[in-house]
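I'd like to ask some things about the structure below.
The letters A, B, C and D name the chains in turn, as written, and every chain counts its residues from 1.
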Amino acid sequence: MEEIACRLLVIGAGPGGYVCAIRAGQLGIDTVIVERGRLGGSCLNVGCIPSKALIHVADEFEVLSTAAAGKSAFGLTAHAPKVDFAKAVVWKDEIVHRLNNGVAGLLRKARVKIVHGEARFRDGKTVVVETETGSTLIRAEAVVIAAGSAPVELPFLPFGGDIISSTEALSLAEVPKRLAVVGGGYIGLELGTAFAKFGAKVTVVEALPRILPLYDEELTAPVARRLHELGVEVLAGAKAEGAESGKLRITNGNGQAKKIAADKILVTVGRTPAVAGLGLEELVLDMDGRFIRIGERCETSMRGVYAIGDVTGEPMLAHRAMAQGEMVAEIVAGLPRAWDKRCIPAICFTDPEIVSAGLSPDEARAAGHEIKVGQFPFSANGRAMSRHAERGFVRVVARADHNLVLGVQAVGQGISELAAAFGLAIEMGATLEDIAGTIHAHPTMGEGLQEAALKALGHALHI
Amino acid sequence: MGEHVVKLPDVGEGVAEAELVEWHVKVGDIVREDDLLASVMTDKATVEIPSPVEGEVLWTGGEIGDTLAIGSALVRVKTAGGEAPKAAPPPAPETAEVLPPVEAPKAAAPAAPKPRAPIPEQPLARPAPKREPVAMRRAPGEKPIASPAVRLEAREAGVDLRQVTGSGPGGRVTREDLEAFVARGPDAARSPGLARRTDITEIKIVGLRRRIAEKMALSKARIPHITIVEEVDVTALEDLRAALNKKPTAERPKLTVLPFLMRAMVRALAEQPGLNALFDDDAGIVRQHAGVHIGIATQTPTGLVVPVVKHAEARGLWECAVEVARLAERARDGTASREELSGSTITITSLGPLGAIATTPVINYPEVAIVGVNRMAIRPMWDGRAFVPRKMMNLSSSFDHRVIDGWDAAVFVQRLKELLETPAMLFVDA
Amino acid sequence: MIEAIRDAMDVAMGRDEKVVVFGEDVGFFGGVFRCTQGLQQKYGASRCFDTPINELGIVGAAIGMAAYGLRPCVEIQFADYMYPGYDQIVSEAARLRHRSAGDFTCPMVIRMPTGGGIFGGETHSQSPEALFTHVAGLMTVVPSNPYDAKGLLISAIESPDPIIFLEPKRLYNGPFDGHHDRPITPWSKHDLGETPEGHYTIPLGQAAVRREGSAVTVITYGSMVYVALAAAEETGVDAEVIDLRTLVPLDLDTIVASVKKTGRCLVLHEATLTSGFGAEIAALVQENCFFNLEAPIVRVAGWDTPYPHAQEWAYYPGPARVGAALRELMETR
Amino acid sequence: MTGSLRFHVPEPASRPGGAPDFSNVVIPEAGSVDRPAVDVDPKDIRDHAFSIIRVLDRDGQAVGPWTPPLGAEELVQGLRHMMTLRAFDARMQMAQRQGKTSFYMQHTGEEAVSCAVRVALSPGDMNFPTYRQAGLLIADGYPLVDMMCQIYSNERDPLKGRQLPIMYSSKAHGFFSISGNLTTQFIQAVGWAMASAINGDDKIAVAWVGDGATAESDFHAALVFASTYKAPVVLNVVNNQWAISTFQGIARGGAGTFAARGLGFGIPALRVDGNDYLAVYSVAQWAIERARRNLGPTLVEYVTYRAGAHSSSDDPSAYRPKAESEGWPLGDPVVRLKDHLIAIGAWSAERHVQAETEITAEVIAAQKEAERFGTLHAGGKPSARDIFEDVYAEPPPHLRRQRQQIGV
């Protein structure tokens, strides 16, 4: 068996893993990274990037269909638009491929050794990797578990054939005529909305009383309305039971058994750590249920073993994994670091988009803060009007005593890019006066943030 | 081609060195695996060393009769095999622990050059001066407000941001706040002038201070205190005291008011034993003590301590004085034994010249009464015809109203007043 | 250290003909570690002789001899083999004076090579001192260098009480600081290496400060003295290293004075952690220096497992593990 | 002191520098000791404890009532077992000298005892060996590679690097785990036999101890229990004359022979020429049958000689004449069996040399294979996690915390 010795071993080359490895390389640490699939993990290959690409194609197609249907508000007409979905998938795959090579290049530049294969722990500092050319033993002084997560499979709706996960949905040969989506979370609705725009008849089955339960009702109402406009049928409080020959069996809100005809059934009920086969049972890791328990330095209960990203639990976001990865690399290099982030922004790429950073009003009150809230509707924003995107608002939550901004949320078309401003404000410890006192370029949707802050201070200018 | 260094193996348990007694090869010889290289002698045995590899002898380490240490090189052999001896696996896990290097963070500075002048770092190994207040455990949920850059520099400087008060809006710690904090160190004096003082120094309530806190809380929680403040004309007492203090001797040292008060209490308690008692409120029993053990509340460098004069009833004036002085001394320098600091049945507390006009003393649980002595002052008193200057001293005494009615308390205070105002009565055995 | 131990017995046997030495292979052969080399040749087979392989017999016979009036100084070949003799040590030797109100006493010394570091596996590496310190009536001595070994052994032989004399075998030939990958340095190159000729004693119950320091007190004995010194050196922590030399009676004053000065305390021994002698030291420090402690007392010891063979260096508390503990202690505020 | 008493310390016949002297070893003629029925009353064979049962005579012929029913082919197989053990010892001693392991113990001159007894036993019988009966494994086909991996404490060491080299353990091959402490296994063997009887089984136990170690109290306890409960156990004392530097007289005391120890307990006691493969097999078979027929224990003393050093850390020239091993009157087990086979025309000097080269090649091949998985100080190692397992059936919390602390 071939043997490699190194200072740092990173298991998994998803966003958390490859960022950690690159940073470690930059700090001169002898690093090895192991990946069984393609570099970039779920996010880059079957998650964030490919889904956003197809969502973009869906938006483009929707503009054409609206025009073709003579419903354009500004006189656009189009003739029988069609979508060659296979070509869209090829375009998407090309982007993914370029990013795979990009990550590979970054790792090489940082002098990180890449090993392709399935890793399994032998003890806290030794891993055996099954590669095509046989098994390799890797001994390390420190190990980072960055194995990421995989879609949750429902026992009565096993993946395969017409029952698909988000992975298969992004590489379908064609747009399914009828699509049933089990799970009204952000993944289910993002894809559901896109396929609806591609012309599929979409039905969403959500067990909880409403869609996108993580966000408060005020934020999700515009999304629900848009789904309705797109002809997406949402069955809340309904439970999927099973599927036979193209029919999804459910029990709806008032307990009746129903059957939904569907060419494809997309199951998006959550994600779970992808640690099967990693041999965690060989170690003595303290767990939090399915997730690996970590401290404020992403250290696990075993000295010299760290865990980052989705394996450590919610929120399962690529940018959280990347921040953890960077921090762990610096800790392994001996720098004094610990997790002290004040906020992790989250984006839901439905139509309209939702951005949330920090505490919502309810969360702030639950945390015992006296708060003041300022809300500014895009219908009063010039730029929104000029983009025919007036639905939605920006909402700022601040402490009542000294106006420290606790949270910023917004819903609106194309406002995901505001996440940067929201995050920066909270992380810098901005107060309402800081935001209000910052000149926001005109005309932009961003002005909504300034106006919301002014509103909270009691002297908004444009409403 | 590779070169294999044959080391002198550990031939016997814990043997440190061995004497070279015979060479079986010389430089240039070709040896096959297991051919004998040399013989060495330890104080236990003569041992032949076979070659673990095949190849040409390049170098032999030492002459016959040399003493070689175990583990040192014995022979270098040019091996025919291609690869050089495999890189030694990383040292056994024991030494493989990830050891964050000790030297100050500057040494492993992140690749990106730091634009700002580096903040002077405190080397990790220097222990904070021992008496520096213990750093506050992070208040639950309350993260310090500071920008990521300031937070990073605080970490690099080994500063706990919660100790730095932010001058920015909402208590945000600015770069200047951090640099000022680092520059002047946590507890150096602020520059002169009336700068706003916002440092919060936290002192852990431990040891003696904690015990005092607990006792006070217990007493206040369980005992409904009734406090009676009474004026006592001590002019006569003072005159008597002055007379007695003319020629102090070892057995008869200078007297303070305290011994007189103790004698007065003994007399008064004889008539009201209920006040010289301990109330076990859990068991619902009042234990009246015949012996009068008077606790003397004494201020010491580490806090309030109550040494006890045992059996005051059996001690004369001077004996009381001597005992009080001895106990006070031991209490102050911390040598009082546990036995000397316990067992009181009633307590006297006095703040001497700081005694104020009146106080509300807290009963020394589980006792039921405490006599507080206030400041002596000359006050104009009406003697029936005119105001005359009299030396007055108030007594503020608290009683446990659960077992002592106001009436009994008042009777006791009046008796003390009476005895102190005519001190002669103290020496009349009624 | 072997010559120092042999020298001690030689001096003792020379001064007092009641002193006798026996045990397995200690006569003609001079002991498997050569500690009794030449004694039989010099003092005859009646005063230095081999015994059948029976530890119970060795200790039991020694008690009989001591009761008669001799001063036996016997050897158990490895501390790991003392268990068959443990009943004689605890029920008899330790209690004879007490139960006979001084009518019978058994002044004797039982020498045992102890500790690991030589790939001896589970039956040649144990450190059983805790099994003796717990027994009223026994004294337990653990020398860490030749100079102390000779002085302490002579004191032990001249003592009226039964004494367990544990010799860290890894130190027989030279100081060992846990860096097993470095060549061994013999005692000849160490200042405590050579021992003066003739008779001298080191009083039992007196610790020695091997390194003055102000940041943390490291309380240890035997082989771990050199690991502690190395860890202090490598981490830059200004540690005060105390070599107990005698475990019972314990020099508590030196310990308390040091911990009161430094405010931080690390207890270190090779034996397994749970119920090790370190637990007793930690309890005493807590009782006597509670208000001076800036951080919890830290113990570093062998894992609670049988002593492994191949994983010797993952088990043997080395400078890396001790260094990490020192650093943790310094960072606790 | 003026008293009349003097202290007696026995001395071996000769010391370094003196000539070897085995005059005290009385050797009767081969075949001269009668073979009693297996169910004989121990009282009737008391003098067997002071004699020596021998089959191979001076000319290599098998004579007398103890001649075992072994065919030439079985004897050749026995010879090969002994030669394999001897080659194995030579390679492993050298490996220790090359720093590939910390420690080794050879069987030079005693190979017949363990090899012959093994073939007399049946599968399922349980041996409780000391550290000098590896023949029990080799003669039972235990893989040499596994033995070597244990000696090297490497990655494939069945005992995960925990035990000293040569302290094997193999329940499947009836080889109880060897302990570093002497004679502890002797009473344990009796316990195992008692259990077999309690369970109404047909398997027996075989206890092993060296001459010196019979002084341990465990030996006495074993004889008491075996005698009292008539346990189905064979109690073997391998008298190889030396316990490190102490000659067997120190442990034997005044009893004349170790076999005589059995008489006091009413246990039939036989004494056999340990270097005579046939005699050893025959006596073992007798004792095994007696145990298997519920007739109770037998004490057997194998008179042999430790030709080599006690271990790799010992040099006998410090306590006995260098030439003493050549002077041992009962010769070398391998040579005597070879001569016998040649005498009966079943073997030849050439085939012996051929067998030696084959066997040496086989052992070296096994050594190369074992070394692929590392040696003590180089290559594959067992993981440090193995320290923490098998301390208890399930690791208790404090051990879990300590393994977390070391991080492996």
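Everything below uses one rule, namely that a residue touches a chain if its C-beta (ideal position, glycine included) is under 8 Å from a C-beta of that chain, and two chains touch if they have at least 3 such contacts.
Since this is a predicted model, take the numbers as computed values, not measurements.
Central chain assignment: C. Criterion: smallest distance from chain C-alpha mean to the mean of all protein C-alpha atoms. The greatest centre-to-centre distance from chain C, using averaged C-alpha positions, is reached by A. Computed from the mean C-alpha positions, the centre of chain A lies at a distance of 62 Å from the centre of chain C. Centre-to-centre, using mean CA coordinates, chain B is 35 Å away from chain C. In whole angstrom, the spacing between the mean C-alpha positions of chain A and chain B is 51. For the pair chain A and chain D, the distance between C-alpha centroids works out to 70 Å.
Those residues of chain A in touch with two or more other chains are numbered 125, 303-304.
Listed for chain B are residues 10, 13, 44, 86, 89, 92-94, 97, 100, each touching two or more other chains. Along chain D, residues 102, 313, 318, 381, 384, 403, 406-408 each make contact with two or more other chains.
Interchain contacts give a graph that is no line, ring or star and is not complete, per the touch definition above. A complete list of chain pairs in contact reads A-B, A-D, B-C, B-D, C-D.
Considering their complex, residues 33-34, 117-120, 124, 169-170, 172-174, 181-186, 215, 235-238, 263-264, 291, 294, 311, 313-316, 318, 320-321, 323-324, 327, 330-331, 333 of chain C touch chain B.
By the touch criterion stated above, chain B contacts chain D in their complex at residues 7, 9-13, 34, 44-52, 86, 88-89, 92-94, 97. On the chain D side of its complex with chain C, the touching residues are 6-7, 9, 11, 15, 102-103, 153-154, 157, 161-165, 167, 179-183, 212-213, 215-218, 243-246, 250-251, 253, 313, 318-319, 376, 381-382, 384, 386-388, 391, 398-399, 402-403, 406, 408. Of all residues in chain C, only 24-25, 27-29, 32, 45-46, 49-54, 56-57, 80-81, 83-84, 118-124, 273-274, 303-306, 308-311, 314-315 touch chain D in the complex they form. Across the complex, chain A meets chain D through its residues 122-126, 282, 284, 286, 301-305.
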